[in-house]
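Shared between the two complexes below is chain A, which pairs with chain B and chain C, respectively.
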Partner chain A sequence: MSRLFVYLIPVFVIAVFMVMAHYEKRLAHDPTHRGFFDRNGTVLGVTFIALVAFWTLFLVVLPYLYMVQESFHPKLVAAERGGPKDILTLEQYRSFFIQPTDGEVNTTHLWAFFFSLAASAAVTVLNFAICYPLAYYMAQAGSVQKVRLLMLALIVPYWVNEILRAFSLRLLLASKGLINQVLMGVGLTDAPVDFLGNNVGLYVGLSYAYLLVMMFPLYNAVESLDKNQIEAARDLGAPWWRIHKDVVVPYAKPGIASGCTMVFMLSAGSLAAPQFLGGPQTLWFTSIVYDFFFQAFNWPRGAAYAFLLLAGCIALVMLMLRVFKVSLGETIK
Partner chain B sequence: MSADVELDRVTVRFGQFTAVKEASLKIAGGEFFSFLGPSGCGKTTILRTVSGFLDPSEGAVRIAGKDMIGIGANKRPTALIFQNLALFPLMTVAENITYGLRVRGMSKADRRKRADELLHLIALPGQGDKLVSELSGGQKQRVAIARALAVEPQVLLLDEPLSALDLKLRQHMRNELRAIQQRVGITFIYITHDQGEALTMSDRIAVMNNGVIEQVGDGKAVYDEPRTSFVASFVGENNPFAGRVAKADGTGAVVETPFGLLRGRNPNGVKEGDKAILFVRPEALRVGEGSKDATVTSTVLNVAFEGNASHIFLKGADKKDITLTVGRLERVEIPEQGSTASVTYNPDLGLVLPEGKLARE
Partner chain C sequence: MSSQSIIKVMIGFYVVLFFAYLFGPLMVMSITAFNTPSYPSAYPFEGFTLNWFVKLWNHRAMMDGLVNSIIIGIGVICVSVPVGLAAAIVMNQIYHRARSLYYLVTVSPVLTPGVIIGISTVIFWRDFSEMTGTRGLFYKGIMLSIFGQASFISAYCLLIIMARLQRFDRAQEEAALDLGASYPQVFWHILLPFLRPALVSAAVIAFLSSFENYNTTTFAILADKTLVTVLAGEVRQGTTPALSALAVIIIGLSLFGAIAYEVAKRREERRSARIAERAKLAERGELAPADATPQPA
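Moving on, here comes the complex of A and B:
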């Protein structure tokens, strides 16, 4: 019963909107207005509505709703579903904070959660530091030919499969990998540096994986900036760093926010790079979620953990948007 | 404080292309100086060289006697007003105006005071907290001027700043710019392709074409005494009659044109047999017969009434019409379209110049 209830939510939402539309039609009557079916004809109108409804309800809303309601239930074998044990519970969410087995604080998972968010934030900052100068050069300073070449060099690596990319980075960074061999050959180190163990590989891999996601919004934002603005600031006596601080960055802020949001969200939710490139002590939060779904077959707890990650990410992004005074609307422009 | 600006054989090349060729001139402190020329003539390049965004390939730019080589745009005593103004859209009017002072580290209170003074100067008092987007075209124009003046430049550079305004506002802003220049007393260097702007505002004008300065002089000089065919045809309307010089003496020259022998002054001393062009201004022509070597007879193509004056277009050689302007109060009988009419001029107002490139129509 409790499971069915969740699926009534979209029905309820649609009903509310229909009532609102009906009232709007009565209150603000517009004689020139033609109804949806008048404009498109019955056949086409029904097709449109059916397609949009299928897309939003079956492909977007219902899967999520299923996961939401799943996360509020205990883990049960198929026979017990719908039985007396199938009750609504916060047990899965509680288990993130308190171990259900021994009642201790769940430090492993809490740590993985905060580490994942902090590392994703660090990757975002790193990515921004790499992409901003590059985007500025490409958008404002570089000649057309050089920019094309650079763009190609940025895009081509992304034709390669993500897992292959992660593995090839692993080969480069391994203790007997190319980089360590060169470092030792030159004599910079005596023993190989453990790039994978100390998470250098993780940061490099994640930054590399989402470079373009940062690059394009930044490039688009900086590219539309009028060159004269930069020259005007320079003419008025501003040194280069001030021009960036006062003119370029404020102008590109929506693009920066959009790029940072996407890189942060994608890194926090990424699976391949942390698994292949993270150190043995590193536990990425999505790996835990993955294990609940596919190793422990504990879907309710996996779903709960996934929503906790989503909530954490959204909260952090909203906080950052507030701190840097960007409205959510601007980031999706 | 104003400073003089000197261009010493300035040449600017972009790859193979020479944008400015050996430009040399001296602009006095406090002068309103204009560079006038068609688009692509190199005038903006000169402006960017003075402001410091470009380095000359050869030659030197001196401001107040000091060579500007190696001194960046942010370190020069110049301020530039851009063609599109380039106001900062995310800053308020006052923030825009005082940006240069903020960069120089002036305190907030002092900046506010200075902004109020400048807003007063540009007749926009109390509008400092508005956003730039809330201003009209003319107001934005004035904010751009105030922003440039705020840093107390010794030389103000203006890159066709009026071209985006409509006609009435443009004429109004001409007077205002001139008034501001006289009030602040600094050197103005003004770039324009509009000869009306150059003539009305400037103390002196440099007419440029193809990267070369063709003539420097005050408005009267470039209008009445053009030294090249280009200047004669670019500054103001002019009717060219091309041909060979049939006779040249101390008082003038006679050119053999498709309309017969025509006489004019000969300040450049063209010689008999040279290719030359005789120029006669539309307002120097009048309807009627005169002496034989100053009369042109042709078909009337069109008559255009323009309020204060009427323009009569006669069929000329090489598809270019001969234009004649008659003032409204001159009480002349205007010939009918399609008829044949004679027009004449005072030979002192005709000008014979060596053949050269004409300005594109």
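Moving on, here comes the complex of A and C:
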């Protein structure tokens, strides 16, 4: 059964964990060290392990593995599963590059993939540019009272959910929306500008949705920087841009990396903003995945595309981390 | 001097611009909720009405979705908080070399796009429930939504609880053990009360993230609906001021929550300051007689 082999992988990982634990125990030679079950009592120890195992296996690892193995299967109806037609195949991945219907290069999907990643990267850069000054100001210049008020003001809009926030932007940017009313009222333009059609809505929506995700890691990173370092740089005659380039940014690099990683991953995987703020021509990659599930009912192909998206995102993030010389461990802390 | 004040003005201008970007759209939307035209518009303001709130109240699908959202939110709390707690304790005690792999596995759902979590949850439970003959039990929208959301919300809970667990003083545990407490007693009477604030905020965060989740839920909910998926359907079909009315309610609630939080935090701070003050006084009081005892000359 090709579907059952996925269970071997977690079993293997657990075995690796146990070997590591055993090895470490031998290496430590610590007579005061107590085993996990000694330290928590048997009942609690077993409960903890069971809860963690349920989470990591049934909610995280096995679903991922199932999605990956689904992507290597053909599209089947329920009755055919496990039958002779249930073979391993690369057909779903090939269809991403070459259209199965006419054998042409699948430019639509390739372009959507490229566009989604590029636009997400652009939104990440944009959000960094928007958030950095305020994060720096709050972390280094603001008084405690003021910072707390600003923090609260930052958090409140994020309790309104993503869809309603997208909706509010649509009200502003629509052809009958307030911005177009103002533009036409002032006389800057005669006909309404199609913000949604030319993807301005999409960029604004994505940036708006994940502003806070950039703000917090940035703020935390800059906040722990010793003010004396900035003073010292200033006393030594560094211009303001040198202070940022050579003191603040290098120090805050892990925070910047983690903010950027999260904004990028969230944008690339977002569904609401492209669905509600994209124009009819906009083809976002997650929307394609969505359509495979809900319109074409082609789950294997949807799974293959989802996996490609994940792989593409991870590859790009890794590449960027390498370019900017940040280790992954620093980023996720 | 003048360059200083120019910088100050520029920073002020920037902060105002930033918050205008943040609040502007929400304010405009709020105005449309009280305006009469059926296409939500803020200008011109044709007349004040509360009609859209009534419409919202009578929207059956939305109210059904709300009930499902609350059920799922409570389910996610029940799964994620215990899992996050267990995972944090394991993280604290696990062998060094295994820790980074463990960390990677447990934090990866936070970075995985929600769409992918939704899809993988549905595919796994479809096959797993079929294989074990538990389709009637597990393969349901509410169940799958709880599982899908709990997969990453547990990681949030883990991080919140971890942050507090790291401040736990092991000496307290040692003291309790020396006084004859058993390990489970230490857990229930020492560790759990210490972690209580973190557990409460983990539960709140879990409920809120569950309630507003779209990407994962839209797949995992199958044929059912939550408030957010109903909302998404409405927004896709068109725009009505009833949605603005809903947003007004949510904004109102979150403003209320934010203010309550701020007040509670201030009160907590004042109280702990008072306790610290009293402890200091008590300490001084205890030391004072010893100092006052006349020294033999």
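Convention: the second predicted complex is superposed on the first by the 313 of 333 C-alpha atoms of A that agree within 3 Å, B and C clash if a C-alpha of one lies under 4 Å from a C-alpha of the other, contacts with A are read in each partner's own complex, and residues count from 1 in each chain.
Note that in this section contacts are C-beta pairs under 8 Å (C-beta built on N, C-alpha and C of every residue); 3 or more make two chains touch, one makes a residue touch a chain.
Quantities reported herein were computed from a predicted structural model and do not represent experimental measurements.
Asks: One more residue to check, A:257. First (chain B), second (chain C), both or neither?
Replies: In the superposition, A:257 contacts neither chain B nor chain C.
Asks: Which holds for A:306: it touches chain B only (first), chain C only (second), both, or neither?
Replies: In the superposition, A:306 contacts chain C only.
Asks: For A:242, decide between first (touching chain B), second (touching chain C), both and neither.
Replies: first
Asks: In the overlaid three-chain picture, which partner chain does A:139 touch, first (chain B) or second (chain C), both, or neither?
Replies: neither
Asks: Decide which partner touches more residues of chain A, taking chain B and chain C as the two options.
Replies: Counting contacted residues of chain A, the larger count belongs to C.
Asks: Quick one: classify A:39 as touching chain B (first), chain C (second), both or neither.
Replies: second
Asks: Return first, second, both or neither, reflecting whether A:226 touches chain B, chain C, both chains, or no partner chain.
Replies: In the superposed model, A:226 contacts chain B only, not chain C.
Asks: Of all the chain A residues, which ones make contact with chain B and with chain C?
Replies: No residue sits in both footprints.
Asks: What residues on chain C touch chain A, complex-wise?
Replies: Of all residues in chain C, those touching chain A are 11, 14-15, 18-19, 21-26, 28-29, 32, 39-43, 82-83, 86-87, 89-90, 93, 95-98, 100-109, 111-117, 119-121, 123-125, 127-128, 147-148, 150-151, 154, 182-184, 187, 208, 211-212, 214-215, 218-219, 228, 231-232, 235-236, 239, 243-244, 246-247, 250-251, 253-255, 257-258, 262.
Asks: Over in the complex, which chain B residues touch chain A? Could you list them?
Replies: Those residues of chain B that touch chain A are 51-53, 72-75, 78-80, 82-84, 86-90, 99-100, 103-104, 147-148, 151.
Asks: With touch defined as at the start, can you tell me which chain A residues reach chain C in the complex?
Replies: The contact residues of chain A facing chain C are 3, 16-17, 20-21, 23-25, 36, 38-41, 43-44, 47-49, 51-52, 54-56, 58-64, 66-67, 70, 130, 133-134, 137, 141, 148, 150, 152-157, 159-172, 174, 176-178, 181, 208, 211, 261-262, 265-266, 268-272, 275-276, 286, 289-290, 293, 299, 302-303, 306-307, 309-310, 313, 329, 332.
Asks: Sort out for me which residues of chain A touch chain B in the complex.
Replies: Touch residues, chain A against chain B: 226, 228-229, 231-239, 242, 246-247, 250-251.
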